[in-house]
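See the structures that follow.
Note that chain A is present in both complexes that follow, paired respectively with chain B and with chain C.
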Partner chain A sequence: MIASTRANLVTLVTAPTVWALHFLVSYTAAAGYCAKTMADARVMTGAAWPDITIARLVILAATVVAVAIIALCTRQAWGHWRSGDVDPPFDEPSFEGRQGFLGFATLLLCGLSVVGVIFVALPAVFIGDCR
Partner chain B sequence: MGATIIAARILIRLPAFGLVALALGACSGVQSALDPAGREARDVADLFWVMLIGAGVVWTIVLGVAVYATRVRTDAHEEIVGKRLILWGGVVFPVVVLAALLVYGLRLMPELRQPGEGLRVDVAGEQFWWRVRYKPLNGPEVVSANEIRMPVGERVEFALTSPHVIHAFWIPTLGGKVDMIPGRENRLVLEAEKPGTYRGVCAEFCGASHALMAFDVVVMEKPAFDAWLAAQAAPQPAPTGDLARGRDLFLQNGCGACHAVAGTEAKGEVGPDLTRFGARKTLGAGTLPNTADNVARFIAETDTVKPRVTMPAYPALPRDDLTAIAAYLGSLK
Partner chain C sequence: MTDAALASPQDDPEVRKGQEERLEKVWETPKGVRYWSAVNNSEVGIWYTATALFFFLFAGVLGLLIRTQLAVPDNDFLSATFYNQVFTLHGTAMMFLFAIPIFEAVAILILPEMLGARDLPFPRLSAFGYWSFLLGGVFVCGSIFFNAAPDGGWFMYPPLTTDEKQTGIGADVWLLGLSFIEVASIAAAVELIVGTLKCRPPGMRINLMPLYAWYVLVVAGMILFAFPPLIAGDILFELERMFGWPFFDPAKGGDPLLWQHLFWIFGHPEVYIIFLPAIALLAMIVPTFAQRPILGYSWIVLAAVGTGFLSFGLWVHHMFTTGLPAISLAFFSAASEAVAIPTGVQIFVFLATLLAGRVIYSVPMLYAVGALAIFVFGGLTGVMVALAPFDWQAHDSHFVVAHLHYTLIGGMFFPLLAGIYYYFPFVMDRRLSDRLGKISFWLLFVGFNVTFLPMHITGLRGMPRRVFTYAEGLGFDTLNMVSTVGAFVFAAGVLVVAWDILRPRGKEPLAPRNVWNAGTLEWLSPNPGKEWGVRTVPIVSTRYPLWDQPNFVRDYDEGRFYLPDAEEGKRETLITSVLDARPIQCLRVPGNTFITMGAAFLTGGAFIAATFYAWTLTIGFSIAALIAILIWLWTGTAIIPEKKDKDVGLGLRLPLYVSGPDSVGWWAMFITMIGDMSAFASLIFGYFFYWTIHATGFPPADAAGPGLLWPFTALVLTIASWGAMLLARRANAADRPPSLRLWLALSVVLAVGGGAALLWGPHTTGLDPTSHVYPATVWVIAIWTAVHVGVGVIMTLYCLARSVGSKLTKEHDIDIHNVVLFWHFALITMAVSVATIALFPLVAR
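Up next, the complex of A and B:
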């Protein structure tokens, strides 16, 4: 997360970037772990399915970190949005107008990103092996 | 004038009636995902109905709001009302509905991926037929083709492969489709819940006769299935009389180079195994009903019946010989 007293394009894309990185970590954790363990396990011969507790813990940790960063982003964006005394649609060519617009857009993106992160993590809650 | 208008209206509506009839026709039958006879198909059909009804409710609400805004109360609403509508109707409602559907779908998945209970069936997608090999836990392997039999109430594990191109194995009444990919072994577990005869198809375009690549699925009670499987391994009596002539013609014409019939010199593995051909309901992978006339026609006009099939046609065979071979094949039960 980029801490900044002013809203800018970097603070705007922080939350979606965290969402993308969380997806990358979750996907590679599950796919990589299952690809490795499944290569050895001969499931068709009656062996048990490899358990993926480690991959699920990695996803859990990534989710906690991602939600925490997005929460901080949200707090900061709330401050940027509320800093000026400007109302929507934030189209005045002024500093306050830009801060209001960027802050509010960041806030909405934070909301979208936190939903995205939770949806990406949900399969790890319900699926406990490589099936 | 009035009659013309009525006739025109009927003409306009005819295709609509046709479409409705077509749609309703797909709701039942041996190959309908909406008429489930297996556990996975039932779960998927339930999911479909939940989503269809849910989509209908959402559609009705959206149209109702649109009608309200454009016909009932056309003046501007208070700003706070608009904001609440966006927050609850545009943000909270979709997030909750999508989350609920995601959880519903994710909860189904591990259940549908339970391992099999013993019987394994290897199925390979050929062009354009199905190579089937039963591998029971106890007992010898049984080779078959273009028909799958399975016991009711038992999870059967299918190992799906393909030697040439991508096919997809789909028995809509029992479960979802799974691709058969060269170089891979995909796995599918199906549990039939109702005895009966169903139809499976290739669900991935695989060549000219893709649409003629189907198979019968016979779901039997467990004791009947066990008896059937055990009987498959037993040798068949040698044919006599006309049937023996049919067998000799079958061998003389080189059919055994590609087809196998257990207990004879025919040991080919290129084409479908014909050891129990007479017991199958269809011919040419679900292409024609398995009658003697159709078998004779298939041998003489193979590429007409089934375009681009690997088997060559034998148009030069005398009618008598075709009939004798068809009778012999029909006797293999």
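Up next, the complex of A and C:
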């Protein structure tokens, strides 16, 4: 369903689903780690804030994987878009029209998703502890 | 149409007259008291819309009470406690009883005809949803007349709302009344998803679907993932309020923040669940009044799908001041900025379409333009509050009140009014007045801005939300008075709209057919409309068939497409494939009945009785509701047709009965279970949430878990029960009824054992759910799972009865396929439960 020569509703939402999973992994890694390490320190003792290098590495790995999968989706969507040799607005009542439309919409969603992934990864570039 | 089609029986006017008479008889709206037994989308849609608009007026009056109280400093117009009820109910009713239901209402009303379908696939489910909504809404709103309305704010934060001394029965009214309505919303979502995917007219491939349908698909999908977390939260909340299970009580290891998470995982997507369907109306209105196809169809799909996803990554921006680590806030801040991209794309698409077309200025367009102006402003303040440091300053101030009203009124209310002015002739056969429309627009537009623009400043000057009064001389006085004056101007605008809708029309002429010269299918029907919905299910090959397909209206009127007749006197519509809309089935849709109303009222009775802790009554209503639902299923679903297939016109024969993944029932089950799984995932999230907030000791060192023996016994028995169901399905396919019944019976025995074993685990190790959040969490997961197994048992017994009653056979096997599908999900639920409550403690640190 996901890797297919024919575009479908699953290929359409693969990239944003990857965004959602990346978001979930990033948030769970950082928030879970901080919650766990600071659970006893609700009243701060003046000690240093726990470092989140581990969470940042997880986020880095997740980001690389997510961008790679979205790149694959993009390549596939590009193929779908181009295969039918149809032009916008993709309203032909044919397989090619459908394929071109789904391919193009998927391509747009890939673009949005990769921007979303990078946006969500950025905090981990700048924030190094649980403050 | 082709020449071949022209030489069809439809050439004979007498034939057509006969067909029309039969169609009219089949789809006739019942008269007298039986009118209320109607389940057809046009009746239910109108009731739904009218009821939602009534709740809007009610909540609007509450809004005026708020503004009156705040008009002058130190006002004593309302008491503090009554003010709490008023603002809580204002928000609650606007959100749950107006903004969300109106989406369902309008979609039920216009979607079928937009798709050239006679009805949605589950009309009785729509009716059930409507009656649930009506009862739940009256219950929640009515509470204020008994001084018993919820008063803890529309998001009901504990520990205030779990404290029974500070919040009385109102909190229970909120939790149970709204849970009941949420179930109805999920039912509507299932109906709309299946309707959009499977009830499109032949030829309407996915790239030709009206944009409204794309939005409906996305929004209904969002409901499936957004509402269940709130239902899960409601369950935890009620268990704490009723039985003292300490989910949100820090003294016993709980955490009120879990409620905030669950509420806003619902609450933020919900904002888009409200916004997208209203924007969808604009996506229909803008092309019509630009008299050209939408520019950038694919971009709108990007925007709808993209917003649908991103909106789930925003929830913590409501929780920026709860003390979460900066990195957590930053993720949500980033996603909140990102969602502005697809939102902006839609607005640019509309503007581009208007620029490229020749715009006809009309009342719907006036409202559409007003909507864009207000919404863009609200969107920009949204980008401001999405930045955590700004939010820390503005949080819980009137700035946020101003922001949310700009987005909701600009993003939802104005587009809805544009939609009401646009679609009124479609529903009521007559136009609303242009003159009154313009008057109401300017009253609303000016009144709105006068009310809420100053409120930004009131908020920045420091006036908090939800306070019933303020002292003189703090800089709030004039601003508040201006807001109050604006609110009454706005209310005057609402009254003008209400009058325009309700005024007697006497001899006013009917609107001409396709009054706006639109291009989409819902404008096919002549005025006055017929109760059959569509004369014939058309073949579509363009996005705007009324503009682009030659002779389309004539062929339609002469019934030259599919299903021009109702020979057997049954209500029918076409089912087509998901991507290409190839016809695959002629679906018989069920007709009018009181059973759905009965089932809804009995279910509602159970929720209402529980509010008053009247347990005997609750159990009585629950059993009665179950019986009503079983009667409904037995008499109204998976009906065996009198013949295998039928000629649906144009030489096409389609089956009348299909099962498994081809059938709409299977899809409905699958989609429902997706929603069910997201509620379950929320409970599991709760377990791990508690694990993260306890540095050591979740499970606490001294607490016995549910052990390994009983949970694993439960798992093994459930696997066996599921296996027996697979064998039952195979026996049925091989046409061996005795072994089918044997396997079904065995499955029941095994499943009962499995469910009982899962509950026996925590019982036998003495886990006391009131002592600490750990045992409470284990219990709630175990009970949730056992209830699912129990529902599976009822379904299996139902199959057994259907087999004995010869309604489940080799050829007619919808029931067994759907029940096996349920069991797949029940097994996943059991496996995840056991892994969480029995295995995780072994590795937890």
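Basically, the second predicted complex is superposed on the first by the 125 of 131 C-alpha atoms of A that agree within 3 Å, B and C clash if a C-alpha of one lies under 4 Å from a C-alpha of the other, contacts with A are read in each partner's own complex, and residues count from 1 in each chain.
Note that in this section a contact is a pair of C-beta atoms (placed from the backbone, for glycine too) under 8 Å apart; a residue touches a chain by one contact, two chains touch by 3 or more.
Here the structure is a predicted model, which is why all the values come from computation and not from measurement.
Of the two partner chains placed by the overlay, chain B and chain C both lie in contact with A:Phe119.
Touch criterion met: A:Ala39 reaches chain C, while chain B stays clear of it. By the touch criterion stated above, A:Phe101 is placed in contact with chain C alone, chain B being left untouched. For chain A, the partner with contacts to more residues, out of chain B and chain C, is C. When both complexes are aligned on chain A by C-alpha atoms, chain A residues 115, 119, 122-123, 126-127, 131 touch chain B in the first and chain C in the second.
Across the complex, chain C is touched by residues 8-9, 12-13, 16-17, 19-20, 23, 26-27, 30-32, 34-40, 52, 55, 88-93, 95, 97-98, 100-102, 104-105, 108-109, 112-113, 115-116, 119-120, 122-124, 126-127, 130-131 of chain A. On the side of chain C, the complex with chain A involves touching residues 203, 205-208, 293, 295-299, 301-302, 305-306, 308-310, 312-313, 324-328, 330-331, 333-335, 337-338, 341-342, 540-543, 578-580, 688, 692-696.
Interface residues of chain B, counted against chain A in their complex, comprise 91, 95, 98-99, 102-103, 106-107, 109-110, 113, 115, 120, 157, 159, 185, 187. Those residues of chain A that touch chain B in the shared complex are 43-44, 46, 49, 111, 115, 118-119, 122-123, 125-129, 131.
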